[in-house]
Structures are given as structure tokens and as C-alpha cells.
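Reading through the C-alpha cells given below for one structure.
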Amino acid sequence: MFSRAYRAAVTVPPLIWVTVFLLVPYLLMFFYSFWSVSGSQAIIHSWNFENYRELLTIDVYWQTLLRSMWIAARVMLFSLLLGYPLAYFLSFYAGNRKDLFYQLVIIPLWVSYLVRAYAWKTILGSDGVLNTLLEYVHLTKHPLDFLLYSPFAVVLTLTHIYTPFTFLPIYASLEHIPRNLVEASHDLGASPLQTFWRVVFPLSIPGVLAGATFAFVLSLGDFLAPLLLGGPSGIMLSNIVVSLFGAAYNWPLGAAISLCMLVLVVSLLFVSERLEKKWSFS
Amino acid sequence: MSAENSAVQRSRWLLLHAGVVFAFLYLPVAVLIVYSFNGAGVGGFPPRDLTLNWYRTLFADGAIWESVGNSLLVAAMAVVIALGLGTSAALALDRAQFPGKALFRRLVLLPLILPGIITGLSLLMLFNSDGIKLSLLTIVLGHGTALISVATTEVFAGLQKLDRAQEEASLDLGANYWQTFWRITLPNLKLPIIGAALLIFTLSMDEIAVSFFLIGRDNTLPLEIWGRLRRGITPEINAISTIIFVFSLVAIVLWYRLRVSAEGASEIGAELVDTAAQGD
Amino acid sequence: MPRLTSSNELTPVATAASPLLRIRNVAKSFGRSVVLRDVSLDVAEGEFLTILGESGSGKTTLLRIIAGFENATSGAVWMADQRLDSLPPYKRRVNTVFQNYALFPHLTVEQNVAYGLRVARRPEKEVSSRVEEALARVKMTAHAKAKPSKISGGQQQRVALARALVNRPQLLLLDEPLSALDANLRRQMQVELKSLQREVGISFVFVTHDQEEAMVMSDRIALLRTGELEQVATPQEIYRRPATAYTAQFIGHTNLLHSEVRGGIVRCSSLCWKAQLPDGPALFSLRPENIGIVASAAPVTDGSVRVRGRVRHHAFHGATELLQVECADGLVFSVRTASRADNQSAVELDFHPADAIVVRESVDRT
């Protein structure tokens, strides 16, 4: 139905932009990862695998990767635990206040990440709101210092940020379940609990997978929360990358790590997508 | 009836859970807002010395307002770029077949889910190797690139709702492609486009990860705040945070209302997750 | 009715004489809008009962109350001497075939049919043999391993039927199950459903808005109008002796004659005939097929009424034609005759007063 000129007109501009500003930069990153940096902070275009060898052999990179994945896994788990019942409540029990509750959930989603991370920083510090509150009501005598500058703070903050993220696709998939399936299940003798496990939950799996993937992937690559709240024990992969592009000036190494993250993320997305397809039945 | 009783019980537990989650989501920001009026500083309990001092300091702070101006400028230009290219991309995905379409689609949507620093870093390397100096322009290019995906998903969803027969009717009645686009297609995409513009603007104003690497001499607001955080916390930051919160709140409620009037609320879920990934 | 057994215990038993399902004075409102007003109905064992009505008549709501998805605002439902409406849907020996089939998309045909049995934790051997039997009965054995999205609408409908029947419910509810099928398939399924019901012997309560469907399939029809029962009778009875004007018009075509009775004579415009009726206004229903077209010269057989008119419109239906004939005084008759060879517009109509059935006016309840 649409003429060639029309189709070319809409395709070419974004195609060019995406090539120049996405494809080429990723390729550059790929190239950089094989170069190295000289003592005088100049980038030498000599092709080698040094950076990758360093990543594979030096402990601190593995430790940081594992720590990042562990943090991401916990964020994923907690935000699912918080988000799923919330989505279920909204979809099946909220009736005509559904709309209001929905807005209440998505508002925090859009309100500045920085503001929210900063809020936790002021709350969790040793002079922060939480500690002084606990001392005020005599629950503790000294400030709890694991609250801030720890993986705990990072997991807490990221869970706070990403729970609405996991909520959304789960809610969307629950809403897509025709209510007559629930009625049919009851009609055939299944109690509400049986109906949930046999009908509702299986049909919501694509949403759960999508939400879990987002929470995991975005937490994995997060650099703001660990920088503000992580302290030395909460350093994640992105922080290393940032310093390699800053004070520790080693762009090629930083590029190598970035590339690894890119590959990791894309693979996770790929796996998740395949699983989602397998579990979607409409 | 026992069936009704257990249903009521279930809904009570779920309501309690929902309450806990909402508290978790809103309390930190509520605390932040309260303490922006706290004379004694960001911490300490209970809050006392109600004061507007921090807001006064904020309004006198030239550097912050300069960065606000920068951010507004960047956001406006990012909207133009991302919206224009995103709409175009959505139309291309909906209507054109070309080799590499699958790759194109993935590339366009990738910055949504990829950690922002990767997008920022790769662009840094691009600009560096082309000898382009970092400035607000590079930030604009970065935001524009990262946020094309937001416009694409919104407009694409809007295109699915558009009845193809309307455009066919327009062509049948003698309008050419260009006229059909302006008179039929675009007006039907009004709501998704405005919604996308609002979203892109809000996300650009808050963007840090990409901006971090592409910043020149002029700061955007988030980076200005970030810089101060490294030096030490003052409740002035609470004050500016509160103001940001209020503006975001208004923008998002507006966006939501626009979207709901265009389609059902539950449809927003799927695209939103993708677009929300730009939060950092 | 409780009956004393030989051991002197009171055992509630549903005898052949007592109905399986008793609906007593059921009313239902959603907020301000009243959907059902005082409905009382019995369903006998082994009977095929159709609840017939337009959209908005409350028929689906009534079905949902029996199934357990809605609670009646007042009134009671009994099944075999036990209160049915105090039980949640998953405890009732009632199964439903839903309008859009409601097959579970993530389960195969086989798993769908087995669902009720598995939930009840029946032993696997029993489950597989009963499922096999159910699938064979609806002729879906070949598709046992398919997912619902891969089979046609008609096939989904059979699976929904098997899924409900395999549980051997005491009562099967069918909510307009054929409305999504095309005309030919629908007719075929009507026949199949009817013979299935005979085979299985379970009471079927079937909801539809299609009066033809109701007449083809039912042992009895319950006509529902704006929340109240208009008439409950066998198809023959309801067709030949409609109780109200609404019934006469809803089921088949009819001519309604507003008349006045005085001294044993019915007068309707220029027509009159003898009838043993009290003085006053009367409404008659006269079916188009009971009006004949005669040659004007033909002698008047005793008691029959003659009237002349002109054919204003005719619709060809293959074997028959439906004519709109306008007579003196503006009376318009619908007349059904065998297809005519000629197209004469001036005709003479003839009907026997015995075919004019007295009907009540239908009360406007809106």
C-alpha cells in the first residue's frame, strides 16, 4: 500500500542515525578493547588480547562480576516478591480503584533516580533518619553501620528503584488473562488456590520473565547506586569501568569490560526472550 | 459463606502487602521532602526547626539554575531529535521491509535495556576518535540516541491501534501519501506523540549515565547535583530534589492521562517497562 | 422430598417425580439496575431446557447464578434437596460450557478435558480412561495433544463440552455455545448436542437468543423477558398457544389483531367472527401460515373469515413466500403461502377463527 518513496523516506533517516550513533560506536568499542594504553596515557592501536587476558586472570574482576551478579540476583528476587502480589492485587482485587493504584505505582518509576538514591543515602547514614529514629525510640544505642556503604544499601536502593519495573509486565500479563478462564477453573472444581497455580500463574510467566530480566540486567549495569551507597564493599562492575575512563585512565580495558557486559546482557535478553515465547500461549 | 470469607481474607492480606509496597516506594521521597524544610540538616530524628532557608539558598544558587537552563535546552533538543527519528523509525518498522530490518529493530530498542553507561561510553569513543569536543551538543546527541527507543515504542503502539482502512480511504478519495500522512496518520498519532515527548523530556532531565561521559564544561542539572554530592550533602539538595519530584509528578500524571484516553491502562505496561529502563 | 427408608432414617431423595433443580423467587440487581425479578423455574432430570431471551433479558445472569459466579439478591436455588446457592462454584455438581469456550491456552486438549478430574485428584488410570471416553464421544480423539489455539472454533466447542461432561455433573449449563459458529456448523452442532444429551441423560440448561435454535433442541422452553418468565412450555405448546403478545411475536412470525368482543362477536376493523369470550378488548395472535389465499369465487367454509387485500411486498423463501397484504381499513397481514406461480397483487385471504389465539398484552417493565 505504501509507495517506495514513502517507505524510503521513513526508513533512511533513522537507519543512518542508528548506524552512526549506535552501530559504529559499538564497533569502536569492540576495536578499543583490543588496543592498549601507553605509559603517557596515549592509546596505542596495537591489536592484542591483553585486556581480555587481564580480565580473565586477575581476581578483582571476577570478584566484582560475581558480586554484581549476586546483587542483581537479589534485587531481581526481592522486586519480584514485592511486585507480583501487588500486580495480582491490582488485577484481581482492586475493582474500580485499579486506575488510581496503577498511577501510584508508576509515579515512582519516573521520578528521578538520582533523587530516590539520594533519599536513601540520607536515610541510611549513621546520622541518617533511620538510625536516629531507632536511637530516638531506644531500639538501638549505636548507629547501625551496615545500613550504608554496603551491598545491603545497594540491594535496598535498587529494589526500591526496580520494583515498579517488575510490576509492569507482570500486571500486563495478568490483565491479559481472560476472566472466564478463572471462572472455568472454578466451575471444574478447582479452589482459588488451585486456580492460581494451575491457570493464573502459568499464564503470567512471560510477564514474570520480562520483569525479572529487566530488574537483573539493569541492576547488573547500574553505577549510580553503588557509587553513592555502596562503599568499598559494594563496588560493582560499572564502577570499575567508570574509573577506567576517569582517574585510572585505561580506555581499552574499560572498553573490554563494557563489551563483556554488552555480550552478557544481550545473551540474557536472548535467553529470556526464547523462554518467554515458549511460555506464551495467546 | 465460607467461600466469601476466605476471599475477603485473601483480599485483606493482598491489600496489606500492597500497602507495605506503597510505603516502601513513597516513604523515602516523603522523608526527603520533609527534611527539605528541616532546619537542622538532612539527618537526625525527629525533624525540627521548620524553615524555608534551604529553598532560599537554592534560589540564590546561580550554578544550579545555570545547569537547569542547560538541562532544559538539552531536553528540548533531545525531544526534537528522538521524536522525529523515533516516529520515522516506528513508521519504517510498521510499513517497510528491508534487509537488516531485524537488526535495525534490535539496535533501536537496545539502549532501553542496556545499562546507560555502555551507550555513553561507546559514544564517547566515537566523539573522541573523530576529535569532537565534549559539550552540551554531545550530550544532546547522546540523549537523542538513547531516547529514540522511547518514541519508537510509543508511536509504534499507536500505529497498531490505527485503523489501516482510514488511510486506505484517504488514498481512495484522492489524497496522496504526503497529504494522507498529515491529515490522517499524524492526527491519529497525536496522543502517543505528545506522550512520548513528555516522557523523553522527563527522562532527559534526569539522565545521568550517558551524560556522565559526554559532559563538557557545562553541567546538566543531575550532574551538577552529582558533583555537589561528592563534596558533601546539604539540605539544599533536598530542596532541589523536592522541586524535581513535583515537576516529574505533574509530567507523569499528565502523560498517564493522555495514554489512558488513547487506550486502556493495561496496555501501557508492556511498553512502559522498556521505556522506563532509561531511568539511569 | 424426604422419605422414610426401611431403617427409619430420613433420607432426602430426589425421586423421579421431583425436579433436579428448583429455582425459587430468584431476583438479582446490580446496583440500581434490576436484571432478574422473581424467577421461579424447575428443571427435571434428564430434561433439555432452554432459557430463551433477548440480550438484556437476564438469561445469562440466571445461568451464572446457577453456576455460582453471581449471587442472587434474593430467592433460593435448590439441587436435589440441598441448597445450591450456599456453595461456591467449585463445590457444585454443576459444570458450564462457556460462550467463548474458555479453554486453557497453556494446556493441551487432553489436559483441558482432564482438568476437573486432576483437580479432584482422581487416580491417573481413571483420569486417562474417562478422558479418552469423553474425547471419543465428541469425536476429538485425533486432536488430543493439540493446543487450543491450533484447532477451529467448532472443535474448541467440542473440547469445552467434553471438559464439562467428563466430570459427570448432575446438571450441564451451556451459555450460548453455538453463537460463534457459522450457520451450517451451527445447525449440525444443534443436532449433535441434542443427541448427546439423550445419550448421556444429564439435564441440560441451554441459554440462547435464537428462537429457532430453542425450538429445534428443547424439551421445554423458558422464555425470559426483562428479568421475568413470560412463558414456560414445550416448543409445540409455546408456538401453537403463546400466552402473551411478546411470546407470539418472539417465537416465529405472527399477526396481532386488536379486537373488541361484544355479545359473543369479535370485531376487528371490518372483520368479525363468533367467539365465546367475555365482552371487552381482546388481542389475537394469528400465524401467517394459518392464513390462506383463495380464489374469490371459492365458497366460504363454515365460520371462516374472508377479506380482500393487495399484496404490498413479498419475500421469496424458496419453498414458501411471505407476503405483506394490505386490506381495507389499513389492516396489514403477514401471510405465508407455498411459492406462487403468478404474481397477482389482488388476493382474497381466508382464515379460521380457531387459529386466532387469544394472548395477553405484555406488561411494559422497563
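Quick notes on this structure:
Think of it as A, B and C in the order they're written, each chain with its own count starting at 1.
We adopt the following convention: a contact is a pair of C-beta atoms (placed from the backbone, for glycine too) under 8 Å apart; a residue touches a chain by one contact, two chains touch by 3 or more.
None of these values were measured; they are calculated from a predicted model.
In terms of the stated touch criterion, the partners common to chain B and chain C are A, listed by label. Simply put, of A-B and A-C, more C-beta pairs touch at A-B. Between the CA-based centres of chain A and chain C the separation comes to 57 Å, rounded to the whole angstrom. Spacing of chain A relative to chain B, judged by their CA centroids, is 16 angstrom.
Shown for chain A are the residues that touch two or more other chains, of which there are none. Contact with two or more other chains is made by residues 88, 91 of chain C.
Within the complex formed with chain A, the chain C residues making contact are 67-69, 88-91, 94-96, 98-100, 102-106, 115-116, 119-120, 147, 149, 163-164, 167. Of all residues in chain A, those touching chain B in their complex are 1-3, 5-8, 10-11, 13-15, 17-18, 21-26, 28-29, 32, 82-83, 85-86, 88-90, 93, 98-99, 101-116, 118-123, 125, 127-129, 131-133, 135-136, 160-161, 163-165, 168-169, 171-172, 175-176, 192, 210-211, 214, 217-218, 220-224, 228, 238, 241-242, 245, 251, 254-255, 258, 261-262, 265-266, 269. Chain contact summary for the complex, chain B toward chain A: residues 6-7, 10-11, 14-15, 17-18, 21-22, 24-26, 28-29, 31-32, 35, 42-46, 84-86, 88-89, 91-92, 95-96, 98, 104, 107-108, 110-111, 113-119, 121-126, 129, 141, 145, 148, 164, 167-168, 171, 177, 199, 202-203, 205-206, 208-209, 212-213, 222, 225-226, 229, 233, 237-238, 241, 244-245, 248-249, 251-253, 256, 260, 265-270, 272-273, 276-277, 279-280.
Contacts from chain A toward chain C in the complex involve residues 178, 180-181, 183-191, 194, 198-199, 202-203, 279, 281-282.
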